[in-house]
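Naming follows writing order (A, B, C and D), and every chain is counted from residue 1.
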Amino acid sequence: MSAVHAGTEAERAYTSDEMMSIAAARALRDDQRCFVGIGLPSTAANLARRSHAPNLVLIYESGTLGSKPGRLPASIGDGILAETADAVISVPEVFNYWLQPGRIDVGFLGAAQLDRFGNINTTVIGDYAQPKVRLPGAGGAPEIAASCREVFVVVRQSRRSFVDRVDFVTSFGHGRGRGDRERLGLRGAGPTLVITDLGVFRPDPETAELVLTRLHPGVEVEQVREATGWELVTSPDLSRTAEPTPEELAALRALKAASE
Amino acid sequence: MAEIVSLAEGVRRLVHDGDTVALEGFTHLIPHAAGQEIIRQRRRELTLVRMTPDIVYDQLIGAGCARKLVFSWGGNPGVGSLHRFRDAVQHGWPAPLEIEEHSHAGMANRYVAGASGLPFAVLRGYSGTDLPEHTATIKQITCPFTGERLAAVPALNPDVGIIHAQRADRAGNVQIWGLVGVQKEAVLAARRSLVTVEEVVDELEPVPGGVVLPSWAVTCVAEVPGGAHPSYAQGYYDRDNDYYEYWDSIGRNRDSFEAWLREKVFGVEEVAT
Amino acid sequence: MAEIVSLAEGVRRLVHDGDTVALEGFTHLIPHAAGQEIIRQRRRELTLVRMTPDIVYDQLIGAGCARKLVFSWGGNPGVGSLHRFRDAVQHGWPAPLEIEEHSHAGMANRYVAGASGLPFAVLRGYSGTDLPEHTATIKQITCPFTGERLAAVPALNPDVGIIHAQRADRAGNVQIWGLVGVQKEAVLAARRSLVTVEEVVDELEPVPGGVVLPSWAVTCVAEVPGGAHPSYAQGYYDRDNDYYEYWDSIGRNRDSFEAWLREKVFGVEEVAT
Amino acid sequence: MSAVHAGTEAERAYTSDEMMSIAAARALRDDQRCFVGIGLPSTAANLARRSHAPNLVLIYESGTLGSKPGRLPASIGDGILAETADAVISVPEVFNYWLQPGRIDVGFLGAAQLDRFGNINTTVIGDYAQPKVRLPGAGGAPEIAASCREVFVVVRQSRRSFVDRVDFVTSFGHGRGRGDRERLGLRGAGPTLVITDLGVFRPDPETAELVLTRLHPGVEVEQVREATGWELVTSPDLSRTAEPTPEELAALRALKAASE
């Protein structure tokens, strides 16, 4: 999936995946409470905590508040998350006492499919009853997407993952446009930021459609358009992501190395 | 009071064909050995319940023990897909698998309601998603004070709840620590329960973060050292991450899976009763 | 993140006239010092919430701080009645006291709903009792799956939740152990919270049975050694059973109560801010 | 209140309160799970555990499962209950996970007023809005009375406490007669035994009215009638409570002495 811009990567000292993780990490601010999905979100959140946001509070659905792992956890239930947490609680408590009341600033999610309105599919590709591909399912995501103050999504971008309309709405983003969340009584702002290996998207303030607002270094709009399953709209203020700093790259690689 | 039995005896006594069985464990303390004993005893037509069906459910499904799966996330955590689960859903092999699909918040609250003797639970959940369209056990309810609409899900009360814990004492009191997941709720919601433990000890030393299930709330306890492998038991052993990778290669094909079943499950002597 | 302040500052900042305030503690860790500071600062028209209003609520009511009491059991545990509470209910002295009366199960679930961001809770409760006739916050609800009728109670979300705990660290993380009652729920249900602690330490050593409230879930922490006296703080001091007897003699008469107030509450220097 | 039979007490080596506690303790069987109210029920339950029922599981609403106190607790939240418990849990958990689902065999309650159908009042004497005496209120009792498999009540008997109809139903017994519990969907059997300082009552199998089934030593039916606020019915099988054994008395006094 990163083949699209492999040419530029070769000239750079980092991969598009590294740029994606670093861009995602930068989106988190210090002292925020972040509900962390496994995989790309966990890499980004841990990187943020190990670099510019040392007081970032990491919350995992396995029941840890304030985990401070020294390496990337192998799963959301990695023992290191419990051993380094401020508090370890039961799974019902995570969802009922901490997520549901809106105590979490950012829900950080991945996606198998993401559509132009930020709706997420991790359930099935194809028809639900006769799926082409059966994916893992919802997990904690529907309520993370509903209850966190805002949601960041990190996903590798392609026409397969970036679709006009998801086959199944596992986690509600902005529905079919601005106002749909309010109509459902959802309290959080929903996806406010989507970080891919090509650039960064934000929902349009009027329509809630995802709009390209930033390109990663070496990526051109045309590449993004080719990897987007709908008619791409770019922001009038389209900007460039800053190159990863040596410190960021070192921190990311150290985190990954410690997990081997 | 809980009776201390062998694993084979515990499964024989508590798990019957057609039962609804929850083997719980949230990454930590997954009752793998108990799951494989269910396969070994060739139980059939089970409704399997679990928030996070992973390898051991892939094994149960591939071995043909399950008729239905009630769940919220089915994958090989940190690795990828469950191939036996996929094969059952996508191709009906070795048998069609009915699914009842929720979110974690919904499943957790279904166990809480079950443990609480309530017929249902209320949550802010599922709004705007396609889950209610495909899952009959998601309904709406109106707050009698504010008029707000919320989600309602029915209690889970499995016939059998199976978990793995670190320790039990000789009276059958069970002690768990670390990530405790939804295990207490799974035992309390179930009609019967089996707890496999790393060891049976004379005295349960209190441990920070420790949860104790009193003996009178548990049906059977079986000492099964390593019973959570390849998941982990905090204080005993670490997660075998390689096994999760290895499982991907085994589960990927029907042949390699069946060879694995023959050798690693049916080829193993039944634990003495 | 919780700010570490003096008790006087914490009360001044968080508790305002007319607020709904819950000082929780189930026999253990009752925030007596905080209650007396509220009296000292002459707060008025409070709606006081607590499952088990005992001596400190008798003091708050007798001192005229309360307009309303939301509760499930009001007595001097192990001794008998609360005379100031009785005097307020029976004779409107020093002011009439409106009451909203529940059972423990109802109150506990109201806090749980409040902590969970839900507008109400469901329980099997109150059936056949005279409570629903006198308490508007008890209604019925029908299970959307079974049709069963159950009780519904609205969430409690006090303006301020006040508890006493054993320890906090310098970042404001709070640690409680022993009987933890409904304290975590009271803090999480409240819009603002004040936790008085026996001591502020560098590091919270994990303790069996320990519960940690992260700093970011608490508004203010105040170090108040002995702040639970005459109740107890496990690991610090025992319950002063004599004081509970002594209170019976003080609270019994308006005169002795007012003399006590002058001497023991208003006569005490306000803790430096 | 024990003045009625003070004459007989003088001749005996024990008080009517001691007989009441011992009779109440005897009602509990080994291995039962007992939800213990404070005061007289706690004395009886602890005595049972220290004599014939060493494996009696004591559950207190303060959050202790399996407390084994060496002395009588001063309150339901006495530290000794937590220190000697198999498990210490939160108050919501006691009610939701342990009491409500019907896991407890016996709920052991006291009463300020008890009526002929075993309904309990601990709320007000007189009118609710203008009470003659404001009592502590419900506490855990309404749901204990509803959800335990059966309920034992221990109460000092007088025309003030044993009334035809309670001023306020705090905890539902048998309502106005047999069948009322079933109509309300209550799962437990309700009060099956009432132990007083004069004797023992059980609900009539037909009417659910409390009937005197046993007299304590030295007590005559007439005394009981005088201390009963309704037309007393005695069982055709009226029997005598066995005298306290020296062992029972010693155990009770040791328990009380340790609490001074």
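Everything below uses one rule, namely that a residue touches a chain if its C-beta (ideal position, glycine included) is under 8 Å from a C-beta of that chain, and two chains touch if they have at least 3 such contacts.
Here's who's who by UniProt: A, D = Glutaconate CoA-transferase subunit B; B, C = Glutaconate CoA-transferase subunit A.
Values in this document were obtained by computation on a predicted structure and should not be read as measured data.
Looking at chain A and chain C, the chains in contact with each of them are B.
For the pair chain B and chain C, the distance between C-alpha centroids works out to 39 Å. A separation of 59 Å divides the Cα centre of chain A from that of chain D. Work out the mean CA point of chain A and of chain B, and you get 29 Å between them. Within chain A, residues 96, 100, 147 each touch two or more of the remaining chains.
With touch defined as above, residues shared between interfaces to two or more other chains in chain C number as follows: 112, 117-118, 123-124, 148, 184-185, 209.
Here the chains touching each other pair up as A-B, A-C, B-C, B-D, C-D. If you check the complex, the residues on chain B that touch chain A are 26-28, 51-52, 71-75, 77-78, 81-82, 85-86, 89-90, 101-105, 108-109, 111-112, 123-131, 134, 148-149, 178-182, 184-185, 209, 231-232, 234, 238-239, 241. The residues of chain D lying in touch with chain C in their complex are 38, 61-64, 74-79, 81-83, 88, 90-92, 95-96, 99-100, 123, 128, 131-143, 146-147, 168-172, 175, 180-181, 184-186. Those residues of chain B lying in contact with chain C across their complex are 117-124, 137, 139-141, 143-146, 148, 150, 152, 154, 206-210. Residue ranges of chain B in contact with chain D, taken from their complex: 1, 112, 115-118, 173, 184-185, 188, 211-214, 216-217. Within the complex, the chain A residues that touch chain C are 31, 33, 57, 65-66, 86-87, 96-97, 100-103, 147.
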